[in-house]
Every structure is written in structure tokens, then in C-alpha cells.
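Letters A, B and C mark the chains as written, and numbering starts fresh at 1 in each.
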């Protein structure tokens, strides 16, 4: 019987061998998993190294574009501008503006922003939902991008392209198109009327504004905002081109859509124009986009006409810029509170009949001045041509 | 033309017109419903800058109504009041809104408050009343507004008041 | 949304929920930017004042009238009181007559200041909204000093007035008037000489006197056309003191279009009205005699009135307001009280004035006619 038992054992020997090798096999699987994990971690770690390297290489740029004079600085300036406008309008109206929250009402805007963000979002049935959610954010982004090209300081600036003036205007031209779209998709007749008026405003006001900016560009001999600012080292362009400044001011007030040219958002005729149906977060975004645009035009005016960062020599360049910006913004607000609202066709009428010929005349005068006045070229740091 | 002269002219022309009051400053005439348009034409021709003040209805009980027209002429300081007596459940009188367009809404209001139909009026929709009061003619004396007889007016019942102040249902 | 949207007729409800629609809903039919048809709809404010008056005593009735137009509370309650006084045979003492007239003119000034603010807000200039309203606060202080209430003060009573002038209340009133006069040149500069205002209002909503009268317009809307139609001088009311004063009806004669008035003219007209009111008040203030402020027989007589009919009228801020009253014998409340509000015809006239103008002019036309929904809806 031993032989038969041995025969049975011998028949299962391959099974026994296999059983003997199972721990090895399990060990092999663990080794394989461990290797896989190791490869993944090394791959992720490599990427972290690459990104960190990128950040370290560009740390200055990132700091400038995110903190100062980039996003964080812009947001705080935006909040300051809203507060300033409300206080200034209050004082013009012989009242006080916000007084309760914070000293002089400084925290009021934070409170308003928090309140608005927490409000219920009501989307009308007739509107297109995904565009309704998407457009206010797009509007804010489009309005905030041109701030990257403003030459705050010879050292502290974010970016400088050789055609940054044109790029800024390209972005600003998109704003009324977004307004028209926003009015269209809101699904209400009042918004539609407001959207059409915004498109009409663009048609009327942006053309004289862009033509008015050609004068400083020609005198500086460059289309970049940094170049225009640098060219005013010895004399500011407001001295050389005062009428140009006036047309640019009028055209930019019309382009932003602030009183007296706020027919697209006339709140006694079409409730709130193309912004009527937006509520909650979306309203906050459009509201801040409007103020950001209002901030952008005085910045452009300071760059092109008031010498940018040149000024008092004992304070840094960006402080000069900010002080001049505040003065121009004060003037901006003052002008806009003294006039009754124009009707839309009257806006088109005035822009095309008065602003446009005047700005073209400015361009011609600037051209002739450059060619024929001999003392002009040495005044400018970049010899114009 | 002074007030008395004008009133005499009308009385001589249309014998059915009864004068109730005749002074130079105020004239009050009772005019049959069929003649109101002619008289209003007369007053418009005699006084080119006459000011139409009121058209109002008056509910004398038992289905008798009066429509009162008041005109004022500033140049001669003359206030002219016409009364038209109407009877019946659905009284009818001609409209004068084509002669004096400003009276169009006065007639519309009289129609919805009293149920007096103005023949020839371009637009007799409800002016001031909400839709549920159409046909109820609230200014008639039989339209009761005390709560005990609310069911007669056809209006929906209000929510029951809580028995004690402070408890709400 | 079809591409021919600009050629189709679009119906737009300038509806009850709108920033500058103070209680009206107008159905506008627009083609492009032009209004083709205008269908005004009243009735959003209707509080059945006429029916309510039939269940109130004669002393309570004036409170309802006051609340029809809160801004001109002193003026609005007068037609009813005048009609009651006519039926009851009450004689208003001299002191009450003059006090009534003074307070009515002060109310007129304050109501016009409110209108400026509202009209400027509708035109998009908030500076000129708040400046008149701040000066209006001085008038409201004067009303509060006299009666204890800023707006609807229940000042009048059949046969006289309820609150007597004190030295302090007269001083506060004089201070309000002096302050306003000092601000008038500034207002004139900001509004009348402002080129954007002229551009916005000249030629808008133009009509001539005959058309205006046919539509039933009265008050400053007709006086701006050059016709001095003013009940204060045309009719000698024995219960008011306008005949004691030497004044001229404020009338604006336009040079561009004599006999017609547009929105700009109506604005100028209202400046002239304020100047006339100030003149009246200044002349009347020293003339206030001593004496009772209410007819001594008023208490007995104004409880139950004899049968009669009366028609009381007043030149309100917005036009001619009146109350036709009928009483039965020994009644405690009127049999029928019909209230005529001047703004009913203002709102009606939009049907004819507005078609043909641009959409943005609708609010200019309507605002320049000084609408107040309490007066047309009652």
C-alpha cells in the first residue's frame, strides 16, 4: 500500500511545489505594487520640482501680478474706489455717504459685497442659463486684464508689450459686446433695450476715444503704455495736448457708461438696462466690473497725459501715479454728477458731430507739430518720427 | 357772453331745459338726456376756452340716477352745471368725449361706478376698479360695504378675525 | 428674437413695478425707439375715497382728502372744507383765513420742491434730487413746529383751522423761506442754465392752450402756455385771503413757441410759481390779526348739516382740485362727495401727447406734467 500512497503524493508533487512557491509569488506582487507607487511618487515629485523651479524663476513676476500691483492690490483699490465714489457723491449731494461701519464707513463696501454675494440668485425662465452664469465673470476678467499693462513704476510693472495701448483698447472694445449679449440673453424687454443702447454707446463713443489716444502715441513714438509714460520725462502731454485730453475725457465718460452718458443703464427708464436681471453674485461681478472700468480710464489718462510715474522726486514712482490717479478720478466723478442724462440718440449725435471731428483735428495737429516744430523732438526722450 | 345770457339762450332754444339756478356766476340747468350733446356743442362754440371740469354720477335711490356736468369759463367767470336725469336699471346717455377728450376718463369712471352707459364712448373698460368688481357698480347706494352684508356685494369673504388679540390662526 | 425686431411693434408695460412709475402702468407700443401708441392704465392706487367719505363725519372727511395727495396736504383738504362751510353757512374768521392761505402757499412751495427732486432723479441727475429735498426739510420743520406733524397734518377744520401760529412757528417758517430764497439762484444755474437739461427737455411734450384745456389740464401746465388761468385770482373765495395781497399770476410766455409749452417751459413755470408764493407769504405774514382761529358756531353747526349741494374748489399745485358735495337734511355724513383730482387729466393726456416721441422722452413728458397717483386714483 506504500507504493500506492507514494504514488498519490508523487501525482500532486507539482501542486506541492506550487504551494511552496506561493509566498514568493505574493512577495513578488508586493514588490511590483511598491515599484509602481515609487514610480508615481517620483513622477509627481519631478513635477513639483519643475513647478517650484518655475515659480522660483519667476517669483518677482508672480508677486507683481498677484500681490502688487496685481490682483490683490487691484481688489483693494477697487473697494477703495467704490467707497471714495460713494463718499464723494454723498458730499456733492450735501449728505454724508456711508458712516456706520468702520471709521468713515470704510468697511461698508466689504459688508455690501458679502451681502450681495449671499443673496439668492434668481434666473429668469426666458434667459439662457449657461450664458447667464458665464457672462458676468467674463466681463470682470475682460475688464481686469488691461490693468496688467499700466506702467505704475519703472520697476514695479507687470508686463509691457510694444503694442500694449492697442491691446488695452482691444479688451475694452469687448465690454460693450458683452453688455449687448448680456442684455439679449436676459429674456426681458428692458434688458434688451439696455443691451442695444450699450452697443450704440460703443459705436458712438469708443471711436473718438481711440482716435484721441493716437496723439500721445505719436508724440511718444511708441504704442506701448510704458513708452508713452517714459516719453513724458521732461514735459507732460497735458501741456502739449490739452484739447486731446478733453476729448479723451468726454469720450471715456461716454464709453464707461457713467452719468451723463448712462443711457444703457438708465435706471429711471429701463430699470437697470442690461444689468436688470442679474442678482446675487452675478450682480456683484457686474457692479465691480463697472467700477473697474471707471478705474481703468483715469489710469490711462494719467499714463497718457499726466506723466505716469514722473512727478515729485522724493517719493517712489507708483505713489506719484496713485496720487495723480486719485486727482483725475476726483475730477471724473465731479464731472459726471453735474449733468442730466442724455438720450441715446443725443449721445450718438454729440459724439459724432463734436467729439469725432475734434479728435481727428487733434491727430492732425499732433502730426504737424512733430514734423514742423523743431524744438519738440529733443523734449521727448524717444525721438518721435 | 355772461352766464344768464347763455342760459337764456339755451332755454329759449330748447324748451325742455329747466333752469334751476340762474346767476351771472353760476348756472344750473336740467337737461333731458337726448339734448345733452347739442347743449355741450353750444357751450363749446360760445366759449372757445371753456374748461371741462367734472362729469359725475349721482345715485338718487330707486334706480334714479343723475349725471352732472360742470364747465367753467374763466374769461367770464361763469360756472355752468348741467344735470341729466336718468332712470332704469341700465341708464344710457350720449357721450361727449369726442367734443371734450379730457372727459373720456370721467365718463369711464362714472360708467364703472354707477353702471351708466355712455353711448358712443370709444373705450368703456374698468378704469379704477379691480376686475372682481366689474358689474357691481360700487358707488350705488345698494352696494353695501358693512361686513354683515358682504355677501350681497359679491366680494370674497375675508379671513376670520382671531377671537382675542394676539392669537393668529 | 427675430432680426426684424426693430421694425416690429413691441408691447412694453411701463408697468406698476418700475423705478420711476409711481403707481401707474402704461402700455407702450414701440417700433424701434419710437412710441407708437400709449395706453395709460390707472387704478393701482384706488382706495375708494368717495365711498369712504359717505361713511365719515364732516370733520373726519378732510383727513381722507389729505391723504389723497400727501405732498399738498394743506391744499388737498381745502375743497372739502370749503364745500362743508358753504352748506353749513360758516364764516371763517380773519385770522384763520390768513393762516390758511399762508400755510397753503408754504405747502405749494414744498410740494414743488419735491417735484424738482423727483423729476431730476428721473432725468438721471441725483444732485438736483437731493438739493431741493434738503431745503424742503426746513419747510417740514416749519409744519412740524406748527402742527406737530410733518406731512398730513390735519390742519383745517370746518370753519377755520386747528393750530394757532406761535412766535416760534412763524420764525421757523420765515427761516425756511429765507433759506430757500438763498438757494434759488443755485438751482436756477444747475437746472435752467444746464445745457444738458435744455437738450433733454426742449421741444418735448408740446401742446397749446386750446388742446390742453380740452384735455382737462389745469394749473401750471396751462399757465406755462401763456394763459394766466389761476383759480386764486379768477374766483374771489371769501374763505381765503388772496384778495388781500398784491400779486400777479405767474405765467411763462415762451418766445420760441408762444401759446404752447414744452417740458422746459413747464420747469421754468414752476420756478415762477415759487417766487409768486413767496411774495404772497411775505405780504400776508405781517397782516395776521388777533382773534379766534375757528368760527365759534362751527362746533354746533358742523355736526349735522342741512340739505344742500356745494362745490368747493382750490388751485392745487398740480391743477384745479374740487369737491362736489351733496347732503341730506340733518345728515352726519355726506350723501355724495365727488373728488376731482387734477392729475386724472394729466395722465389721460399722455394718450395724445406721447405717441411719436422716443422711448426715453416718455418719462420726461410725464414728469413735466407733475403726476401724483393719489390724485387720479383717489
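Quick note on the criterion: a contact is a pair of C-beta atoms (placed from the backbone, for glycine too) under 8 Å apart; a residue touches a chain by one contact, two chains touch by 3 or more.
Worth saying up front: this structure is predicted, and the values here are computed from it rather than measured.
Asker: Quick check for you: compute each chain's CA centroid and the global CA centroid, then name the chain with the smallest gap between them.
Answerer: Per-chain C-alpha centroids ranked by distance to the global centroid put C first.
Asker: Using each chain's Cα centroid, which is most distant from the centroid of chain B?
Answerer: Comparing chain centres, A lies farthest from chain B.
Asker: Could you grab the centroid distance between chain B and chain C? Build each centroid from C-alpha atoms only and quote it in angstrom.
Answerer: Each chain's C-alpha centroid was found; their separation is 24 Å.
Asker: Taking each chain's centre as its mean C-alpha position, how far apart are chain A and chain C in Å?
Answerer: 50
Asker: If you average the CA atoms of chain A and of chain B, how far apart do the two points sit, in angstrom?
Answerer: 65
Asker: Okay, in this complex, where on chain B does chain C touch?
Answerer: Residue positions touching the partner: 48-54, 56, 58-59, 68, 70, 74, 77, 79, 81, 100-106, 126-130, 138-139, 145.
Asker: Spell out the part of chain C that touches chain B in their complex, as residue ranges.
Answerer: 42-43, 46, 48, 50-51, 55, 209-210, 213-218, 227, 229, 234-235, 311, 320, 322, 324, 326, 336, 338, 340, 344-345, 348-349, 352, 377-378
Asker: In the complex of these two chains, what residues of chain A are touching chain C?
Answerer: Chain A reaches chain C through residues 89, 92-95, 184, 189-190, 192-193, 259-260, 262-263, 266-269, 271, 337-346.
Asker: Give every residue of chain C touching chain A within the complex, in rising order.
Answerer: Going by the criterion above, the answer is residues 1, 5, 10, 12, 18-20, 33, 120-127, 129-131, 134, 190, 194, 196-197, 199-200, 358-363.
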